[in-house]
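Can you keep this structure in mind? I'll have questions shortly.
Labels run A, B, C, D, E and F following the written order; every chain starts at residue 1.
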Amino acid sequence: MKLRLGLPKGSLQEITLDLFRRAGFNVNLRERSYLPDIDDSELEPMLIRGQEIPGYVSDGTLDAGLAGKDWIEESGVSVREVAELTYAKKGFTPVKWVLAVPQSSRIKTVADLRGKVIATELVNVTKNYLKDHRVKAKVEFSWGATEAKPPKLADAIVELTETGGSLRAHNLRIIDTLLISTTRLIASKESFQNKWKKVKIENLSTLLKGALLAEGKVGLKMNVPDSKIKKILSILPAMKSPTISKLSGKGWSAVETIVDERSARDIIPKLKRAGAEGIIGYPLNKVIY
Amino acid sequence: MKLRLGLPKGSLQEITLDLFRRAGFNVNLRERSYLPDIDDSELEPMLIRGQEIPGYVSDGTLDAGLAGKDWIEESGVSVREVAELTYAKKGFTPVKWVLAVPQSSRIKTVADLRGKVIATELVNVTKNYLKDHRVKAKVEFSWGATEAKPPKLADAIVELTETGGSLRAHNLRIIDTLLISTTRLIASKESFQNKWKKVKIENLSTLLKGALLAEGKVGLKMNVPDSKIKKILSILPAMKSPTISKLSGKGWSAVETIVDERSARDIIPKLKRAGAEGIIGYPLNKVIY
Amino acid sequence: MKLRLGLPKGSLQEITLDLFRRAGFNVNLRERSYLPDIDDSELEPMLIRGQEIPGYVSDGTLDAGLAGKDWIEESGVSVREVAELTYAKKGFTPVKWVLAVPQSSRIKTVADLRGKVIATELVNVTKNYLKDHRVKAKVEFSWGATEAKPPKLADAIVELTETGGSLRAHNLRIIDTLLISTTRLIASKESFQNKWKKVKIENLSTLLKGALLAEGKVGLKMNVPDSKIKKILSILPAMKSPTISKLSGKGWSAVETIVDERSARDIIPKLKRAGAEGIIGYPLNKVIY
Amino acid sequence: MKLRLGLPKGSLQEITLDLFRRAGFNVNLRERSYLPDIDDSELEPMLIRGQEIPGYVSDGTLDAGLAGKDWIEESGVSVREVAELTYAKKGFTPVKWVLAVPQSSRIKTVADLRGKVIATELVNVTKNYLKDHRVKAKVEFSWGATEAKPPKLADAIVELTETGGSLRAHNLRIIDTLLISTTRLIASKESFQNKWKKVKIENLSTLLKGALLAEGKVGLKMNVPDSKIKKILSILPAMKSPTISKLSGKGWSAVETIVDERSARDIIPKLKRAGAEGIIGYPLNKVIY
Amino acid sequence: MKLRLGLPKGSLQEITLDLFRRAGFNVNLRERSYLPDIDDSELEPMLIRGQEIPGYVSDGTLDAGLAGKDWIEESGVSVREVAELTYAKKGFTPVKWVLAVPQSSRIKTVADLRGKVIATELVNVTKNYLKDHRVKAKVEFSWGATEAKPPKLADAIVELTETGGSLRAHNLRIIDTLLISTTRLIASKESFQNKWKKVKIENLSTLLKGALLAEGKVGLKMNVPDSKIKKILSILPAMKSPTISKLSGKGWSAVETIVDERSARDIIPKLKRAGAEGIIGYPLNKVIY
Amino acid sequence: MKLRLGLPKGSLQEITLDLFRRAGFNVNLRERSYLPDIDDSELEPMLIRGQEIPGYVSDGTLDAGLAGKDWIEESGVSVREVAELTYAKKGFTPVKWVLAVPQSSRIKTVADLRGKVIATELVNVTKNYLKDHRVKAKVEFSWGATEAKPPKLADAIVELTETGGSLRAHNLRIIDTLLISTTRLIASKESFQNKWKKVKIENLSTLLKGALLAEGKVGLKMNVPDSKIKKILSILPAMKSPTISKLSGKGWSAVETIVDERSARDIIPKLKRAGAEGIIGYPLNKVIY
């Protein structure tokens, strides 16, 4: 039994392969190959352009795959979304598809697009958006470099943005957001009717989510006098209850928890003031709640 | 007056900008910009995906541009081809679009494609080719990674190849060649009716061709006794007649010519045996016949 | 409320930004900017040459900053030293400012400097040092490349050294050490009178010291039969008492502690011989006692 | 007292120095030096070609060294093997020395080598192998590039292979495996009669094995309801018994163990299904059983 | 006899050493050395901060040196300027020292600086400039990162700019230009009274200028019918008269000249239209008029 | 007909392939291959360790090859030396094999080696040298890292040196030079009896020497008043007579010659003083006298 799995070639490729590595798979790509080597004989991964993965999963050519919500919407096909994996090209946040026009354009709202030319790679999503707003405009497929098109080659664009940097660099102004997109683990309906495949996909989901959750998290461990445990617990984030164990013979307990690296810097000084001692922070590979 | 000029963004981008540099333009691209800086105030270059350049030149949005013959054919529009510039992604040879199938496929000729699925980025060219051969088959647009599709995602592909390496790496067999493509300097019809634009485009053509011609050529210069000039000339390639000048006072002449770097290694030992002395080879920036 | 914070631009810059990252801040510097982006809206960091930070903190232009003890001394201003952070350009040890002369020079002690020319970037510290030794000599400000000046452009130099490598490479002999310098977190007097600023600076101090302390430390964890705990504890460094907890039902305890990576290699074989089992070493991000 | 230690220069050099670093030594190599700096004054390491280390250890010139089993066999000398360290040039698996011939060769078994020319760097091992099989053939010492020799410069080769990639690239077929080799910590007989040296070598063995064992391992920690501990333990690998400790007041225990990174991906989904909560994976530096 | 020669360490260092290489010297700098190796035993080069070179040349410590006009002015000393060499950090154009203020500042002209704080590395030039404009303001020495100082740490700055990019990035507006600076070959007065040194310095001047002049120039060679020589000559730049020689027996001449790479692209199409044939462009190492 | 040609794999490999490229061959090496692709169907190059090339040429396995004089001597075989090509690992000078001992050794001359151990890769050459000096000593084959062996692992070494840097770094003192070695184009005796092969090898010799000769040479061209030609010629190096041609109608001639880049810097200022005008220097690819 093999699970045929589509992985996105191109901008999401490296971060996807890294995510698999952090999830415990040894995965490598030989030069000019689209069939990654993976040390799990039950997986048959294949690199395919992200735009095409929803289609191939939907028609059963693939059992499962990773694809952006954006291209799932664009393709209009029906697939099962098993897990939301919040990462994109440049990091661990969603991407947005926005409607943008030149800073100096008179277009202020979607209504002003009537009769205009809009360039985008996401033609169907854009057409549906215009239909919802009852605006008639020309939507042109763009092969890329879309940000450079206004004002000469288009009046507006619908384009992906992670940090907004490229839009700013091209002097574009955002008018509206059409779609906020994250990566999804999708499966075909047939594959979920096969028990072996269903379990395999769910295991994959557990491991990928566990690796992703560890990103930006840190383990915190400290010794606390029993009399101050309540206060210490009130400082720790409520997310998941910390693990507490008695230390040998002196009225102290060990408290251990997982926090966001970012919140650690606020919590640690408070913990110290509240009486925690020997606070250490350590890195994590996986976090599975 | 400005000449609006489309340059191909993507795989041809670097080699195109280098060609402009060798032709004498100081051209730079700031990060995230698609509008190269160029030290010629009469040129307004813009990076656009090669697939879109023929369309924008044809409808007059651009005055001129560089585009592959393949995408000129694919777009089906009418433009003026001013110069053929023989270079492609990886060097100074044409590229080919070929019909290929897996080594183990039963498909041997185009006729065997009847009812099959063909994946390609060059949908129109492929459809026309099938029509010419009176074969009905399904042509699917491929977003990329096309070589990896057969046999699971397609029966055959029409794909670009420069060295054949990628096809070999994917165990594909070439059945036919649909198109041999080089880069072209194209112009809109309107721009050739404007005298200033016409001269500007022709000058650009002269400079780009001159820079390209110098590629792989070398200057050869030698001293020859007058009695042996005839023999020496018979060794030199007939392409262009060499430049001969008398040296001061001793029955010798200087002979100077341009040869292919590759043929130089055959010619030089012959020249030496035929009596040429002080043979030197020197590099060239430009060659304009 | 914002804390205006000076960070040293130049040789300490990268290691300082890394220290902030390890302390839990996401800090980035855009090209050509001196205002790092930081994901803490209460901090307003600014890159300033280390030589100038003490002055700007002293006069209240900045609330706090990181600066070398050397430039605090050189500037002669009055600031509050909140924490000593032992790191310098090349690592986690102090730097020294030394008086050096050519190997072949007749100068043997500071007394021999009478009437000589001394080149240095640290003019005031050097002048004070000479005054303390009652030696009159000419101190010249050096813009850099100071090690290359003797014997042609100076008789002696006062120069910073971390490993001594550059002095050896220039055939210089050290005569005396003027100053041993580490980085300091400094604050203006006004900022410590503002309660919010005081707490913010102290929190920063806790986090930076915690990240620095984790450097070169490793966590050690092992299982120990209760009968051997005493012996095991006698092997562990006395620095901080280890954490001991009972394991479930078999007369064993878990012992956990933090040791220097360097001393771990001496301790581990002893622990094993003394009966510890399942010893593991794990990395640390932060250590706050 | 100093322990004179031979480390393999060349292909094993970098991975060996890294192993020492992970074992807790700060070791550096200055350009063009063969005497690494190490922060342990009792060690005197020296880089020597791996082929020569067994000989120098055997005759007492060195006290100990790291050498491949292959070159220990080839040199034919007598040394004490203190530890087997499973790593080689490209990773943490053994290497093989194989007998290989061109794909198209008629040679099928060692018996077909009679009267043929075999090129190899491992001349003695090859001669012994042929003697064992009672085959007379010519064994030629090869200075390198051995894979390229058949069929023009040799009929067969005996050559090292880690992944088989180089043999495949040269169209060679493996006929037999002569030797599977890992790195060994070896010592001279004299050094083991000196108590100080014996302990020092054994400590080194503990530390190197501990660092190597941590490679590819990960720590797993989870909270488990007491009622499910048995089931959880049945899922964990039997290798070493996990550490279990009671949590404070609610019928839960903490279970902690070490597993192969590779097996973690099979175990984790099972643990979750069996009722483990808050599973975390964390990296390890050292594992000493 | 040796010529003691100061070369600028730091931002001008690499381009200066390259210029010497193009001038025919084999010059290398060993790591951490300030005394470049050069294959001319009559030269004794030394890397010194550009700020200090004028002083050392003026007082005769050095015979000659390369220094920016800016630092010659700043140091206020008297040296002989032998040659102007138009290059700076980033290329072959002069640099400017400009007075700049924040975009939003009310300061519009130098007169508005009265009572303000101006930060600069060029303190004396700035003070002289203010004196010339009869403006009293505070000039503070800046150790660097000067662009980041306004508006918090200074009201205005006097700073070097080559492309203006750094000023734009810091939102600064240029009010005035104080100095346009190129690199100069300077000599001490004493050295010009020594005949050997004077000739050596003048030779150096010839070679450096020759190498610099070749930068951005290209050789052009073409065959011209004698009847069209006049027309061809009218197209070539008047700078230097071209070299014309008769070709053997057919009413043609060879015309050879040197032009700016930049102007070549305008000239070449004209030459071709005017009847020149076999035009070639070739690279130059040196041009000495 | 094919010429089987051995090229040295390893330290001479890159510089040898570059030399072929400068000689006009397009030669490439695919990863892990020892059979370079070359665009001359009459050549069949093969990368072989330099130590083995003389043997394979001598016994006719190869027709010709490039090998160091050192390994020709060491192998003791008989081959025809067609051309001396003065280049080595690091550049265009010969290498030396020297006898060296530690700085502090009592060994002063070869005679002091009696009874000592000498480590070297060049065993036969060393033995012959000792025999010539009637000294009995033990010569041990060294697999490499030979410089590090004295004094612990050997008393003296015979080792290759290009710049002396490695010997200095290991505190070794040179006692004698055994061999000065350059690269040679060698041929088998049989190949010179075949006319086609003989011509092919001689052509190769012409091209390789021509490419090597151009290294470090530069073309010089200038205009000279006829009255000053004699003086100008007296300045130019006598090596090869310069090419002189009359310029059109004004008592001037063009003088053109080839000089060492290194001597150009002495000649150019003299030429200018002697009345040469418009002196240009240009790069050369090949020089064949």
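Going forward, a contact is a pair of C-beta atoms (placed from the backbone, for glycine too) under 8 Å apart; a residue touches a chain by one contact, two chains touch by 3 or more.
Keep in mind it's a predicted model, so treat the numbers as computed, not measured.
> Going by the touch criterion stated earlier, list every chain that contacts chain B and also contacts chain D.
A, F
> Starting at chain C, how many touch steps does it take at minimum to reach chain F?
Minimum step count, chain C to chain F: 2.
> So which chain is farthest from chain B, going by the mean of the CA atoms in each chain?
Relative to chain B, the chain whose C-alpha centre sits farthest away is C.
> If I list every residue number at the interface of chain C and chain D, are over half of them used by both copies, so same, or under half, so different?
Interface between chain C and chain D is built from largely different residues.
> Of all the other chains, whose mean CA position lies farthest from chain D?
E
> For chain B versus chain E, what separation do you get between their C-alpha means, in angstrom?
39
> As a quick test, compute the distance in whole Å between the mean CA positions of chain A and chain E.
Taking the average C-alpha coordinate of chain A and of chain E, the gap between them is 52 Å.
> How many angstrom lie between the CA centroids of chain A and chain F, rounded to a whole number?
Taking the average C-alpha coordinate of chain A and of chain F, the gap between them is 59 Å.
> Do you know which chain D residues sit against two or more other chains?
245-246, 282-283
> Based on the touch definition given at the start, go ahead and assign the chain network to line, ring, star, complete or other.
Other.
> Judged by the touch rule stated earlier, which pairs of chains are there in contact?
The complete list of chain pairs in contact reads A-B, A-C, A-D, B-E, B-F, C-D, C-E, D-F, E-F.
> Across the complex, what residues on chain E touch chain F?
Per the stated touch rule, the residues are 23-26, 39-40, 202-203, 206-207, 210, 214, 219, 240, 243-246, 253, 258, 282-289.
> For chain A, which residues are in contact with chain B within the complex?
Its residues touching chain B are 9-10, 31-35, 46-49, 51-52, 56, 61, 142-145, 147-148, 152-153, 165-166, 169-170.
> How about chain C: which of its residues touch chain D in the complex?
Interface residues on the chain C side: 218, 223, 245-248, 254, 261-262, 264-265, 268-269, 272, 277-283.
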